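Heads up, the next two complexes both have subunit A, just with different partners, subunit B and then subunit C.
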Partner chain A sequence: MRRILDIAFTQLLVQLSERGTWITSFVVPVFVAVMIGIFSSTTTIQTQRIDVLHGGDPLALQFVALLRQEGAKKTVNVQLFEVCDLSAPQTNGTFCQLEGLERAESVEAFMSQRLESRLTSGAITLPSDFSAALNNGQKVNIELRVPSGVPQQFIQTVQGYTNAVIARLGGAVAAAQAIKTAVSGDQAFYERVYAQMLAKWETDPIEIREATNTVGGQLPGTGFGHSIPGIGSMFVLFSATALAQLFATERRNNTLQRLISTPVPRSHILAGKLIGQFLLCLLTFGVMIAVGTLIGVSWGDPLGIAAVVVFFTLCATALGLATAAVARTANQAATLGFLIPMIMAPLGGAWWTLDITPQFMQVLGHVVSPIAWSQDAFTKLIYYNAGFAEIVPNLLILLLFTAVFFGFGVWRFRLE
Partner chain B sequence: MDIGKVLLIIRLNVVRWFTDPTGLAFLLLAPFILTVIFGFAFSGAVNDVPLKDIPVVVVNQDRGAQFSNFGAQLEAFFTQPPDESLAKLIKAESLEDAAEARERVQRGKAAAAIIIPEDFSERLNAFSPTFGEQKITLEFYSDAASPISAPVVNAILREFLNRFTNVNIALSAAVAQNPLLLARAAEIAERVANAELPIALSVTQGAQARRVLFEPLQVFAPSMSVFFLGFAVAVGIVQIIMEKENGTLQRMLVSPTTRSTILAGLMGATYINGVLQLILLIIATGALGALMGSQSPVWGTDVPALLLVVLVVAAAFMGVGTLIVSLAKNRVQAQALSSAILVVFGVLGGAFFATGDASAPLGPVSYISPTFWGSNAFVQLTGGTFPALHIVVLLGIGIVTFGIGLRLFSQRVEV
Partner chain C sequence: MATLVEIKNLSKRYPPRNGKGEGTLAVKHMNLTIDQGEIFSLLGPNGAGKTTTISIMSGLLEPTEGDVIIGGHSVTKNPLAVKKLIGVVPQEVALYPELSARANLEFFGKLQGLRGKELAKRCDEVLEFIGLRERQRERIDTFSGGMKRRVNIGVGLLHKPTLVFMDEPTVGVDPQSRRNILDAVKLLNQQGMTVLYTTHYMEEAQELSHRVGIMDHGELIACGKQIELIQQTNVRDAIVLKFSPEQAQQARQALKDLPLISTIVPEGEHGEKLRLTSDRGRAALPHVVRALDDIGLIPDAIQIVEPKP
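Coming up: the complex of A and B.
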């Protein structure tokens, strides 16, 4: 055992003495993970602008206030849309970007220009006699204009919230009118009932308590909670498959042959090399976890995280052995060592969450890439506060991958 | 400089590259496979398909009140939708247990769970003197992984509840005005419930601009090709260092061939390999796009401009590759350094992201990446815009980096 550990630590120290190892195993992975984390946390959902144009009458103002209230709701910490009141520019924040309104030919032209340039994702126009028409029992049409290219899904969402506002605002008017008709009441009766209704609506009797299934209010598969383990896994694969290059180089330099000629059993040499590479990979993952912790990733159950890291690294090392068994030259080893991680990473969801890909890509990813299983486990632990028991199936499948890679590697690998 | 010998060296090296299966796998197969993965992965991610069959679970714990069970009405609204459009949009299921409903959401089996409390009808009694004083709380438990579907369900729930609440508020207000109306409560409630809303919403979507649909291959084929072009060029230049380390460069210099001729031949071969790699990838991914049903050609239709961009992009990377490799002390360092820098350029240039358009993925930081300028030039060209600025920038990058790199590199391969 001591000999095995000697070989392992010697190999680890030799690799760590090279500047290239530090760059490829620690510096670049951290940089890539941070960049992808920044990108994915800022682009998944963005708050959209919805412009509203109206005549400034009381019901129109109430419509804007209610829609603003609906738009302010947050989905996993991101506001879906913000209402920009073009008729009362002073009531808007800087997000609305209404700077050019004063210089515009007209508010209508300004709104059209915003739609054309896609600065706003929708524009609602209320008629100038909105309040008067409603109070007189007339039907009012309001228009939601959406620029081309805005996804139907977003339109459905805005439409849904606008309808909710209409149900409340229009509903009160319709109800007061219906009661007035039912009791043959006069306009004064209508106004009293309507005022009473508005007063009751002030304290909306029903409240929807909203909760999401995520920890820390972040969308699963985004931000550093996804990029750190994902990119970490990819670079662990790079480090592990570099084992093939290491064997090829040692063979070419005859250092491996010299080692074989010593009284150390071949199995010990192989075990030492594998443990050495396993330790380097573990170090890479450890640095990634440390950096993730520093930038605020809530990892969840520490035992679960440690188990996924160890099981995945074991699997990656076994894959390194399998790669070494296939590669005959240093060039082949370098090519395979680059190709395998570069293909397994996106297929396994290291660059983006597999949830956004078609079903067959998700199945393919889980069949081909162990990263898919480790990422699933990380997602459960980081975003859904899962316990160790819930990631046991993922760990077992990682073990299965390890067994397959290791079995193949041991069967085909030759030290000579 | 002997042009004949330069061309001979170029020919020999190009043939050697393109007959090496390992090299081909690295330089052609890898970007092609990654483009395929990107193409399939994002083929349905950014699309214009309306939502449908959103999975929802409803738990009705409402005990009901004397005359009605409002919870049952709310449950029926989702499980047996009153109109076809809602039936298409929502696929709701009733559950008995709130914990099971939450678990469905947690496992991603439902976009949202609506949990109706047991005193829902009781509290919603419009004739109770305490009506409206205490909030009636419904639980809406949504899946954070459904950032679009869950809000849509929330909006529909809100709309239904507003209509529902409105009837009760109307009854409460009517009775407050005239207590005798209590006897006609059922009739009034029915009238209010059936009253047509006086506001109608119409949606119009502009058609003034060309429809912008995301074609994954039009973004990822260029970004992957340009990303791997960097590696191709770096590998080519590292090969020159290897020639020196293996002694073949020295043997060539023993022959009556000048140093500049050899260097020009080897550098020229690297450039030609880069150009050929790009052209082959353009053909392969273009064919792939046609097979995958892309609505427009992956690389656009302006072939002369496309060739010009290929030549310029390859020239830029030739310069970048030369400079990177010239900074390294030996082959191993050159390989590590080029891999690291090119991956960084790839990240900054958006090779790993799904931006869905030609925008800089990381804002102004992306501008320092030649991968961004290279892939973006192709994306612009595909969109019908001649990338003049990109060409100028790429040529500038190429000339400056090649100039500095060649000077340093010439000193390095001094034999």
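Coming up: the complex of A and C.
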């Protein structure tokens, strides 16, 4: 065992003596993860502003109130949008940034200016006869304007919430009117029925749940919670598959032949090399976790995070052995060492969450890439406050990947 | 003297590169014994089979046929026991360039089972022996070629092996480093180590060895003490012809049927020299020149070498 550790630690020392290792295993992963984290934090889960302009009639005010309720709902624990009522500025918070409204030429011009400067991500204009039209059962046209560059997904979401509000309002009005007409035509009776119908909508009869929202939780999330483990996993794969290049280099430098000529069994030499690479990969992941902590990622259950890191690193190291078994030359080793992580990372959801990809891509990612399983586990732990027990299935599947890669590697690998 | 190494009917066939044919027979039914305390030189050009033989003896390659017994242990059946007895100085420098000279020595020393004070003491002794104590903390990639060669030798000697394999240790080194290496080999032998030394320089073999084996195309074509070799071939002196490697092949074909030539031994890194022995010594030269002239070959150089028994 001591000789195995001697080989492992010497290999680690040799690799850390190279400036290139520091750049590829620590500097570049941190840089890429932080960049992607900043990008995803600002574009996908920052709370957006939605301006609303209306005529101040009762159902319009009701519309604003209901839309505010919808906007307050959270996606990955971040409020999706804040409704800014331009027709009743005093009802808005400071987040709406409505300073200058009173000096504006008109409210419409102010709204257009906000759209052009992208201070707001959408502007809804209700017709001045909104209440009357709804009460009379007429078709109501609502205008939603968005600045260029707003993600289509966000626009669709706002449209969805607006439609939901319209359905609630329209449904309540239509029901109350139908009952009023059928019974007596009494206006007071209409008001009571309308209020009761609207109250019924407080609890949505049909609720849409997000696909990823499988575990309940209250932790605040940012893009770093996805980018740090995702990019970390990708670069751990880069480090692990570099094992093939390491063997090619040692053969070229004749150090592998010298190792074989010592009284150390070949299996011990191989074990030492694998442990050395495992330790380097673990260091890479450790640095990523440390940087994530500094940035403010709330990792959740420490035991769970440690388990995912160790199990994924083990799996990556086994993949490194399988790569070394296939690569016959240094060039082949370099090519495979680049291609494998570059294919597995996006398929496994290291660059973006798999939830935004088509169903078949999600299935494919989980079949071919262990990153998909580690990312699922990280998401559960970081965003949904999951405990260790909830990630056990992910760990078992990572172990299965490890067994397959290791079995193939041991079968095909030749030290000489 | 007791026999330390016994090579028995050793053959090695490499598989064909393209998967077709029989492959290359690098060593052909080789038989040889080396005694304890001896310096034995294997002489021959590149491709003669010297390195393959040493690779089998040091457990890097499996033989196709036959076996090697070292210190009573079979290389094929008990390789780890054999590896404890041997030290290997490979043809190419086999060191971690990112580590210092001492770190390299310590690492390979640990793999040989040395630990603690014993390891430190042996590292100090070896660094003193190879003359690099002052620069022991410097990275190998900052060393000159000669210095790397010395560390390469040092690693092979660290655990005081019974038998040292030195595979062409002087290739590509400057004359001063070459002299140091040859002196070191003699010193090691005086300290009791048995040395198996491969070279393609006849002069090195003559200077160092108690016995010499001459290999060509995987065969041990002659073996014995220098005086025995001379007696085997009844040589008075030898004629050394120098050609380009391609011409050397043609010349060899032309001269092999010349009745008065006893042996033709290729020499030089690429077999560009031919050492001819004849019972008529230098008197055979006119016949040799005439035979070469018949096929249009003119040697680049002709040298008469007198034997040094």
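Throughout what follows, the second predicted complex is superposed on the first by the 238 of 416 C-alpha atoms of A that agree within 3 Å, B and C clash if a C-alpha of one lies under 4 Å from a C-alpha of the other, contacts with A are read in each partner's own complex, and residues count from 1 in each chain.
Note that in this section contacts are C-beta pairs under 8 Å (C-beta built on N, C-alpha and C of every residue); 3 or more make two chains touch, one makes a residue touch a chain.
Because the structure is a prediction, the values reported are computed rather than measured.
J.: Does the superposition put A:Val32 against subunit B (first), subunit C (second), both, or neither?
T.: Touch partner of A:Val32: subunit B, not subunit C.
J.: For A:Ser17, using the defined touch cut-off, is the partner it touches subunit B, subunit C, both, or neither? Pick first, second, both or neither.
T.: In the superposition, A:Ser17 contacts subunit C only.
J.: Examine A:Ser106 and indicate which partner it touches, taking first as subunit B and second as subunit C; both and neither are also allowed.
T.: A:Ser106 contacts neither subunit B nor subunit C.
J.: If you stack the two complexes on chain A, which partner ends up touching A:Gln159: first (subunit B), second (subunit C), both, or neither?
T.: In the superposed model, A:Gln159 contacts subunit B only, not subunit C.
J.: Given the superposition on chain A, which partner contacts more residues in subunit A: subunit B or subunit C?
T.: B
J.: Of the two partner chains, subunit B (first) and subunit C (second), which one does A:Glu416 touch, if any: first, second, both, or neither?
T.: A:Glu416: touches subunit C, not subunit B.
J.: Just checking: does A:Val264 make contact with subunit B only, subunit C only, both, or neither of them? Give me first, second, both or neither.
T.: A:Val264: touches subunit C, not subunit B.
J.: Both subunit B and subunit C touch subunit A; at which residues?
T.: In subunit A, residues 18 are touched by subunit B and also by subunit C.
J.: Across the complex, what residues on subunit C touch subunit A?
T.: Going through subunit C, the ones touching subunit A are 55, 58-61, 80-81, 83-84, 86, 88, 90, 92-99, 103, 107-108, 110-113, 139, 155.
J.: In the complex of these two chains, what residues of subunit B are touching subunit A?
T.: 20, 22-23, 25-26, 29-30, 33-34, 37-38, 40-51, 89, 102, 105-106, 108, 123-124, 131-133, 135-145, 147-148, 150-152, 154-170, 172-174, 176-178, 181, 184, 187-188, 191-192, 195-212, 332-333, 335-337, 339-340, 343-344, 347-348, 352-355, 361-362
J.: Which of the residues in subunit A end up touching subunit B in this complex?
T.: Within the complex, subunit A touches subunit B at residues 18-21, 23-24, 27-28, 31-32, 35-36, 38-40, 43-45, 70, 73, 75-76, 78, 80, 115-116, 134, 137-157, 159-164, 166-179, 181-183, 189, 192-194, 196-197, 200-201, 203-214, 217-221, 329, 331-332, 334-335, 338-339, 342-343, 346-347, 351-352, 355-358, 360-361, 383-384.
J.: Applying the document's contact rule, which stretches of subunit A touch subunit C when the two form their complex?
T.: By the definition above, subunit A touches subunit C via 2-3, 6-7, 10, 13-14, 17-18, 253-255, 257-265, 416.
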